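Shared chain: chain A. Partners: chain B in the first complex, chain C in the second.
On to the complex of A and B.
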């Protein structure tokens, strides 16, 4: 092939015939997606951004009427739509409360399933079932039936405990318990991701720790958790994304009804969905900053501090 | 038990300090040996889980499994109850007489067989497109290096992370200007064929991970043997990625079956049934309205024999997830095992 004539085929800067053919074929394979992402993601994003900053009218195509103030749509979302800030705040708070539960719960289940137990595949089957059937309308029907909560948790004791707390904290916690099953139902994929991760932890690590006299409890904190850190990050991001895009999410239903209602219109809905997108992006960023591997940075910071200290001593 | 636990941790601590010393652990005394033996039975050792731990693990697993199944069991038992049983507190779980009337009513209200057929079309066609395209794209990303690859990868991840609400509206407008919103499967097929279907990014990532694990030399060897790039893809990459193809097919089918938001938009959702395609989930969402229309029960009084009740609602819910349940029980192993096989987790 073309590679024969080239002196150093591993030189990355060198443009060879073979490399060009790789480029061409790579692009050929991903071409459908590139076309799709340009039309349905990039163009759509730009378009909806334009919607949100103007007042659009439909007559023989779309006319963008400028607004007196560029941010009018955004302002009116907060001023007029009383439901929106409340629903958005509830969504954010609910997410923050649900995520640790989902992560901790699925990690515990995965740890138990990873051990030697009987009927492992039966348990796996049960825990994975909600991934298949848990969708918006089904959830709605089940919630309406009142089966979204654990029957053993008496509602009265909970309200008694919560009555001491201010309303804005008590309400989300109450919601949390009243939909505990639904939250647990959202953990199917997370359990499997953790399981796959646990199976990749080298058993030699545990053996070495055992020889050093570490108990199971210690090796969980010192080996399992650090190794699973990237999996936890992945699961946290996955949880946010699925909860944020799930159809049973109130805020999405609100955006949908507003956008396609005759009276309020697209530009209004576009502003709303951009606010929502921004909130989700911020949550994702926070999750990422909180859970990423920061040991390197910490070490760097420490060494920097020590070096500075040393300089100060010298001075 | 508490004492034992305390002892256990204390022992672990001393063991740790001993381990740091160069000498070997001294042989335990006879009393300690006895304690050790019982500790092993109850709390277990590294090799074997103890009695206490086993009890805790199984209790937890069974409790949680029950919590998981509880809504399903409730749905199942409710859906067979007669109206009298619903009011009777003593028949909380087991109906006094099994009735199938609820199912008959729900089938009529959902227009079940018709909706089922339409839903099958609506789930299968985009799934096929999605599998073909995402396999290609995943392979392209995994196998080739090309300029701006990082940019495209970033865009791929970004389009997964950001909620689709901001883009769904311009896309709807685009389709409606092209006169493609006519209650057919076209918008779904077009988006899936361009790699922008429902959860397409996840499918692409699954294929990407899978193809990256295939040894490059295998593909390169085929190319040296004279197979072109496309032949190598069809003859080697596709057969090797069969497991990933199965996962993506199964999941895409389930996702499209359950999809509500896009279906609402692209099918022109309303409270009355239209002539175009529909999905069972959409039908379930407007179940109350269509039931009242079918049985003309809205006008009649509370005592009307055809009044919609919980049992009928549960029967409707059961019917709408029944195809998926069947699929799951038949292919349960593929569903569960394939997820870690196909490397959904990423490396």
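On to the complex of A and C.
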């Protein structure tokens, strides 16, 4: 649009009365949110960033003691905390392994729950219920008692199977199996989101496909998956975020202990959490790039082709 | 046919359904296990609680844990009803306000055009993945500065802005077709009317999901009581339950189990109420 010299009434840069009123309404609607986020997130995050670049002391308020080198806290996270880089790498790998499993599992369950079955609402409830107890002390008790592991696969067999692989790959896979049930328990929200998405797919599409001779398998790949694409992206991001910020993950625990330890202190913990956030952000970015909708380009290309075809016909 | 969306529960049982049950029932048993466990655990007498190897089901159910819990509660200086009242006020306020704020912001971000829109959404996404531990002390400082330390607001305000909620709701609102809004606009509806009459009814499932998430985050929250309040009379039920079970005595274990069941019941009720109104709304909402 920028290249055109002719004045276009739909030009986005033109300021009209209507556009101004839309802006005003937009800001009005989002104002409470902005205020809340600025006070409790943005300000707090900026503060923690400041913390991470200084050595803070709490007595009669806070004193920011400058560090000899601004990046000292960050450097010492990598230099002194021997476990941190390894834990972080393992965590990232585990996340990348768990996320597709949760997505696939919840999509399958959602498809089943969306079908014609008896006692559907009962099943829906059961699949969502673990979510509402997944937080809190109950879960810790359960894990401690070994309810969350798969009893069918003993740890030994698994270790034998995996022994051919290098340690850094085998460990996350082992973890994955030992927490498989836990993973399934965490997929309630995802199932709910998929169900809501599935119910929006018009049934006429499937009927048309059936008439054209498509099997259930084909219509799953050609209709359900493309329509659900945005939901899959949504669920993938949601899953990564909940796994990454859940209270029971190793890194959060580490950050917590480090932050309140007398020897290391809060600024050290702040530096660690910023590193962690950066890693999670990179994972999220990858997920987004992988799953985002590319249909825009595709549609443009298709319309261009059709238009060209039409021109050829006219000529 | 697995995929035939809009028809809810078929009238008759059909043998086509059997394969689905073969998959669903075993998984459902796994998924249902924690609930069964919580209920069983709360009714275990002392010897079963500490039995080794631990047992899943209770064999001699008793109310001893609940009795201990209520006795201890009766002995404390502040009646338990006070904690329940506090929790109730805080929970209702947080759920209502956070849903209102998230839906309004979601509507603006999804359907309106204005400057800095994308920047705002990016900020939300950054907040989404930030570690909560790293912001607790700055938050404490903020709350101290605003002067709401030791009030209900100290429980409510830090939890109102839920980035996850906004993200879910905004993403759902993107699915509402623009043509519907344009039609409403042509009929003369203003932004607020569109928000109230079109957007909200159409995104009910997302709103309910958000409400459940918000409820959970506030109902089980111990942090705000711990950090932002100092007088006992303003603290919440979850904090109280936590202190009771954290006494470290042998009885504490049993009381923790009973407390877990008590804390879990409102969650269950909320979900039962929500799910009937939520699950099937999409099918009839006129969205294609």
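Everything that follows uses one rule, which is that the second predicted complex is superposed on the first by the 257 of 315 C-alpha atoms of A that agree within 3 Å, B and C clash if a C-alpha of one lies under 4 Å from a C-alpha of the other, contacts with A are read in each partner's own complex, and residues count from 1 in each chain.
Throughout what follows, contacts are C-beta pairs under 8 Å (C-beta built on N, C-alpha and C of every residue); 3 or more make two chains touch, one makes a residue touch a chain.
This structure is a prediction, so every number in the text was calculated from the model and none was measured.
In the three-chain model built by superposing on chain A, chain B clashes with chain C. With both structures placed on the common chain, the touch criterion links A:71 to neither chain B nor chain C. In the superposed model, A:212 makes contact with chain B only, not with chain C.
In the superposed model, A:221 lies in contact with neither chain B nor chain C.
Of the two partner chains placed around the shared chain by superposition, chain C is the only one that A:201 touches, whereas chain B remains out of contact. Using the contact criterion defined above for the overlaid structures, shared-chain residue A:244 touches chain B and also reaches chain C.
Comparing the two interfaces of chain A, the one with chain B and the one with chain C have residues 22-23, 25-27, 29-30, 32-34, 36-37, 39-45, 47-48, 51, 62, 109, 112-113, 115-117, 121, 123-133, 135-138, 141-142, 145, 147, 181, 184-185, 189, 192-193, 195-196, 199, 206, 216, 234, 237, 241, 244-245, 252, 255-256, 259, 266, 269-270, 273-274, 276-277, 280-281, 284 in common. For chain A in complex with chain B, the residues that touch the partner chain are 1, 21-23, 25-30, 32-37, 39-45, 47-48, 51, 61-62, 108-109, 112-113, 115-117, 121, 123-133, 135-138, 140-142, 144-145, 147-148, 150-151, 180-181, 184-185, 189, 192-193, 195-197, 199, 206, 210-218, 231, 234, 237, 241, 244-245, 247, 252, 255-256, 259-260, 266, 269-270, 273-274, 276-277, 280-281, 284.
Within the complex formed with chain A, the residues of chain C that make contact are 1-10, 13-14, 16-17, 20-21, 23-24, 27-28, 30-35, 37-38, 41, 54, 56, 100-102, 104-105, 107-109, 112-115, 117, 120, 123-135, 137-139, 141-142, 146, 157-158, 160-161, 163-164, 166-168, 171-172, 174-175, 191, 195, 205-206, 209, 212-213, 216, 220, 245, 256-257, 260, 263-264, 267-268, 270-272, 275-276, 279-280, 282-283, 287-288. By the touch rule above, chain A contacts chain C in their complex via residues 19, 22-23, 25-27, 29-30, 32-34, 36-37, 39-45, 47-48, 51, 62, 109, 111-121, 123-133, 135-139, 141-142, 145, 147, 181, 184-185, 189, 192-193, 195-196, 198-203, 206, 216, 219-220, 223-224, 230, 234, 237-238, 241-242, 244-245, 252, 255-256, 259, 266, 269-270, 273-274, 276-277, 280-281, 284. Per the touch definition, chain B reaches chain A in the complex via residues 8-9, 12, 15-16, 18-19, 25, 46, 49, 57-58, 60-61, 64-65, 67-72, 74-75, 78, 133, 136-137, 139-141, 143-147, 149, 152, 155-156, 159-167, 169-171, 173-174, 177, 191, 193-196, 200, 204, 224, 229, 233, 254, 258-261, 264-265, 281-282, 284-285, 287, 310, 313-314, 316-317, 320-321, 324-325, 327-328, 332-333, 335-336, 339-340, 343-346.
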